[in-house]
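Quick one: structure below, then a few questions.
Naming follows writing order (A, B, C and D), and every chain is counted from residue 1.
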Amino acid sequence: MNVPFFPPEASSLAPETDHLYFFLLGLSLFVMVFVFVPLTFFLFKYRRGRRANRAALNLPTNRIEITWTVIPTLISLGIFGAGASVYFKEEVPPQHYLDVNVIGKQWMWKIQHQEGNSEINELHVPVNQAIKLTLGSEDVIHSFFIPAFRLKQDVVPGRFATEWFQPTRTGTYRFYCSEYCGMDHAKMEGFVYVMPAAEYKQWLEQAPPRNTLAQSGEKLYRILGCSGCHDGQTLVHAPPMEGLYGALVPLGDGTTVRADETYLRASILQPASHTVAGYQPVMPAYQGRVSEEQLMELIAYIKSVAHSEPLKKP
Amino acid sequence: MSDARQNYLSAGDTVKSWLLTTDHKRIGILFLLSILFFFSIAAAAAALMRLELLHPQGHLVVPDTYNKLFTIHGVLMVWFFLIPSIPSVLGNFLVPLMIGARDVAFPRLNLLSWYLFLTGGFFAFHAVILGGVDTGWTFYTPYSSAYSNSHVVEMALGIFIAGFGSILTGLNFIITIQTMRAPGLTWFRLPLFVWSMFATSIILVLATPVLAITLLLMGVERVWGIGLFNPKLGGDPVLFQHLFWFYSHPAVYIMILPGMGVVSEVITCFARKQIFGYKFVAFSSVAIAIIGFLVWGHHMFVSTQSLYAGLTFSLLSFLVAIPSAIKVFNWTATLYRGSISFEAPMLYIIGFIGLFVVGGLTGLFLATLAVDVHVHGTYFVVAHFHYIMVGGMVTAFMGGLHYWWPKMTGRLYPRRLAQVAAIILFIGFNLTFFPQFILGYLGMPRRVHDYAPEFQFYNVCSTCGAAILGLGYLLPLLYFVWSLRYGQKAADNPWQATGLEWKTTSPPPKHNFEVIPVVTEDPYNYPPLNDYGEHEHA
Amino acid sequence: MPEANPTVAEQFDDRQQQRDAATLGMWTFLATEVLFFGGLFLAYTVYRHFYYDDFGAGSKRTDLVFGTTNSVILITSSLSVALAVRAANLNNLKSTLRWLVVTLLLAASFLVIKGFEYHKDIASNLVPGPNFTPTLPLHAQTFFWLYWAMTGLHAVHVMVGMSVLTAITLLVWRQRNLPAKRTTIELAGLYWHFVDIVWLFLYPLLYLVNRHS
Amino acid sequence: MKAASPSTKSLAITWLVLVVLHFTILGISMLEFGGIGTPVILTLAVVQMILVMLVFMELSRSNKLVRLFAVAGFFWLLIQFTLTAGDYLMRAFH
């Protein structure tokens, strides 16, 4: 029976969190020594009935108090800084990364790769490659937690959450839902399979899906009727999707906003509150008519046409 | 017996005289009995949870039942045991005695607090009987307001009513301490227990209303489907978390501050010495009460709360740890050149200091952003707050009960047995909760009824510890009840402690003092000690 | 045992200490009420930030005439209760009773107008839910949830205030011992002024959200 | 405590000022003021509140302690608003 004492370090940032953890452990041991040693010594030395010099001393109370206020404050600021710097690294993904979508719904995780492969409660990723997860929830708050990567991110319904990691060791690691979400909250777990790049590619082709995420997004783009207005040839005056993702979009109320996932999501679900400058708010709201999965597929399609030219008007 | 000789217990023993009493001492006793009832249910729920977690697959109870068990354990422990325990039992009994008053400022309001607590308790207990609640004591939306099909509204109503009870208790204490101190009893001559009760009352009065409106909105959203916290109707679940934690973090200081007050009283008595740095200990209580309102965001570091809000709350959370550290250092320094005896209350207080230091330090881990991202929502958090709640608050409550039991009941409990019970509790506690730190960093999430097989060793240790802990709590219950009838009669001041409550008889008369005492000297002014730790009769 | 003065509860030393304690107690209770309503105002602020245009559209549907008259009524009732407290302090029984009755009448008329307003709102189906009027944007429902929650909670506080004031008026009228009731009247006055202050903020936030555009 | 209680005249004047402020608020909101209408309206509402507290609730006549208790509630409300608003406003930058 192997009794683990410490979780495996399998991501690029795991060692940094562990360094902080060990520093805090060391600090705690120091503080406990600083408190418990004199405590036990006094309890032993000044036991009632034991001979000891008990003459009252008027110690410089104020100076003592100031020292053991200032020193812990300074130490705390130091730890805060260290914790914050690692937290920043966890928030900002590196330049190029692999996009993977994760949808939490009551009591299972559905994972969609850009190449179209989708899996339930399993995540296959190549080693030494930064992966950025875009997380959505269909119902309640879940939380995607991979202990081996020291990473957790709540998945709040109604918005996208993102987290990134770069696995550094191949192997199988558990992931959990760590925010209570109902009856089978404990069942909502699975495994991350970190594989060498070649093996990962081979896994992708092993059961090739009919079409990639962007392609299924395009199919949806037609079925839901988006193409009816947003395609170049139609008469209805609607902003084209080509070249949209990542660009700066001027809005009707004079502000400009970058077209990232959050903007795309908001303008699909509630277009009235995000009309683009120079257009009429005629687009119907898709709130409640589009699931998180479909939303991610549409956004994958919009991303895929980010660099192509819009078709000219007839 | 003349009215003066008759103590508050023997002054009228009809049920009516107890149920309609406005005597703060009797209301304290009534609160003690009622929180015992809720403690036993919540403890039973905890026992079942620990049994379920003995085996990785956990087949003792169905998942749904387990979810209801940890919710019952959480709700009943937080709102029907921890929050009322020291303020409503020891606070009610002792604050008027300690400040030389005949009763609290609004005695009828004090009785109303107990009835509000009982009514709230009835609704909560009724919700439990009907089938319990499966949302956890945090009631996170949209699960609690749109997806759970358990008795959320009735439980929320119970907490809502009991919450008003604790608001009124807080209000009563603020006004009593503010306006009814005995002549000569200036703020800096007040016992530190009264300082900590004043700070706790500030939090009780200013935080609990926010809980009331949060539960009200959650209940209304559940019944009429308003969209305040449900994203499908344009609401924001994180707003519920802001409102909930704005109350719930100060609430954890409502739980620990009174415990710190008890520690200051007991440690000075059994070290026979003035406390070290009286003003700093007194002001650190108030500092905790105020800074405690600024830090709630550290519960939400991974909840899509903005990055900069996370930074602000992390910084402020470190600052709130400083006053607690000051208190611990001052208690340790108080023992220097004292004359220490290891009576049962002192054993509990030494246990408190040991466990509270560990609890406080692990709080620093959780305040560090990067570490919290890993350990949030795991057993590390469970271990942290149990070290503070059980290791700190409940141990201090037991210490306080043992310290003031002769004053409250006029009886002494068996000395040796009480010392043994304290040690058993300390061992059982550590065996239960220390393994959970390791489980937490390994990544075992909380609120799950089954877990990965490799975590079984730690869970089995934890369950064994829980068994010892359960035994540890039964022992005091037995010998306290035993002492009511067979205990040795207690003198007015069995521990030769300073403080106005020791100047009346044990148990005190109905109106506390024949003549309101005039206070002339500082608190804890024990006479100087000779080389053998006995008081020199200067 | 100091001789028990009838109007001083036995745990107080003298009248002044009892009066100070009562006033402080009421102000502490009002602080809890401030935080109790504060939660609602926080929710209002957050959702107004998110859905400003929908709030504007929703606010235009509220009835300005009812709202404005109700504000004037509440401000006047605040005046009349202040006059009642003043008369009580001057031990003038008749004018205390008169002003208390005026306050009650004003409070009653506030509730009556509120009733008509609610009836009109329900008639033009401004109640969020399935049959919410389609002419308003989606998030006007959040505005109207807040509208019903805030004005509803405020109306409950008005009713509580009215019942307390009615009880006091009857007690003073029957027992005619004004000095003993002075503190109670003062506390009821403080509570009533708080109810008026809440309305002073509710009015602009609910009725006047960008009315001009 | 200064005079026993406020004179009828000062109460009446305060009432008048409150009503005038009330209709000013109404007026501001009806006229086209662009974005700055709301903060002005809110400040006027705060002025109304302070007036009611000082005169009607006799805060101007009560001792420092009562004033402290009167203001304390708003201070804590301020804590709640600033830190929560801080979170919502900061969500745009990351």
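Some observations on this one:
Note that contacts are C-beta pairs under 8 Å (C-beta built on N, C-alpha and C of every residue); 3 or more make two chains touch, one makes a residue touch a chain.
No experiment lies behind these values; they were computed from the predicted model shown.
Should one ask which of A-C and C-D has more C-beta pairs in contact, the pair is C-D. The geometric centre of subunit A is 46 Å away from that of subunit C, both derived from CA atoms. Subunit C and subunit D have Cα centroids separated by 15 Å. In this assembly, the C-alpha centroid of subunit B lies 37 Å from the C-alpha centroid of subunit D.
Of all residues in subunit B, those that touch two or more other chains are 178, 206, 210, 235-236, 238-239, 242, 307. Counting partner chains per residue, subunit D has residues 65, 72-73, 76, 80, 84, 88, 94 touching two or more of them. Each of the following residues of subunit C touches two or more other chains: 24, 28, 31-33, 35, 38, 42, 46, 51, 138-139. Here, these are the chain pairs in contact: A-B, A-C, B-C, B-D, C-D.
Partner subunit B is touched in their complex by these residues of subunit A: 1-7, 16-17, 20-21, 24, 27-28, 31-32, 35-36, 38-39, 42-43, 46-57, 59, 61, 64-65, 68-69, 72-73, 76-77, 79-80, 82-84, 86-88, 90-91, 106, 139-141, 143, 145, 147-148, 150-154, 156-159, 161, 174, 176-187, 287-288. Only residues 178, 206, 210, 238-239, 242, 246, 293-294, 296-297, 305-309, 312-313 of subunit B touch subunit D when the two sit together in their complex. By the touch rule above, subunit B contacts subunit A in their complex via residues 63-64, 67, 134-136, 138, 140, 142-143, 146-148, 231-232, 235-238, 271-272, 276-277, 280, 302-304, 307, 310-311, 314-315, 318-319, 321-322, 325-326, 328-330, 332-333, 335-342, 350, 353-354, 357-358, 361-362, 364-365, 367-374, 376-378, 438, 441-443, 445-452, 454, 456-458, 528-534. Across the complex, subunit D meets subunit B through its residues 65, 72-73, 76, 79-80, 83-84, 86-88, 90-91, 93-94.
Put simply, subunit D touches subunit C in their complex at residues 4-6, 8, 11-12, 14-15, 18-19, 22, 25-26, 29-33, 37-38, 41-42, 45, 48-49, 52-53, 55-58, 62, 65-66, 69-70, 72-74, 76-77, 80-81, 84-85, 88.
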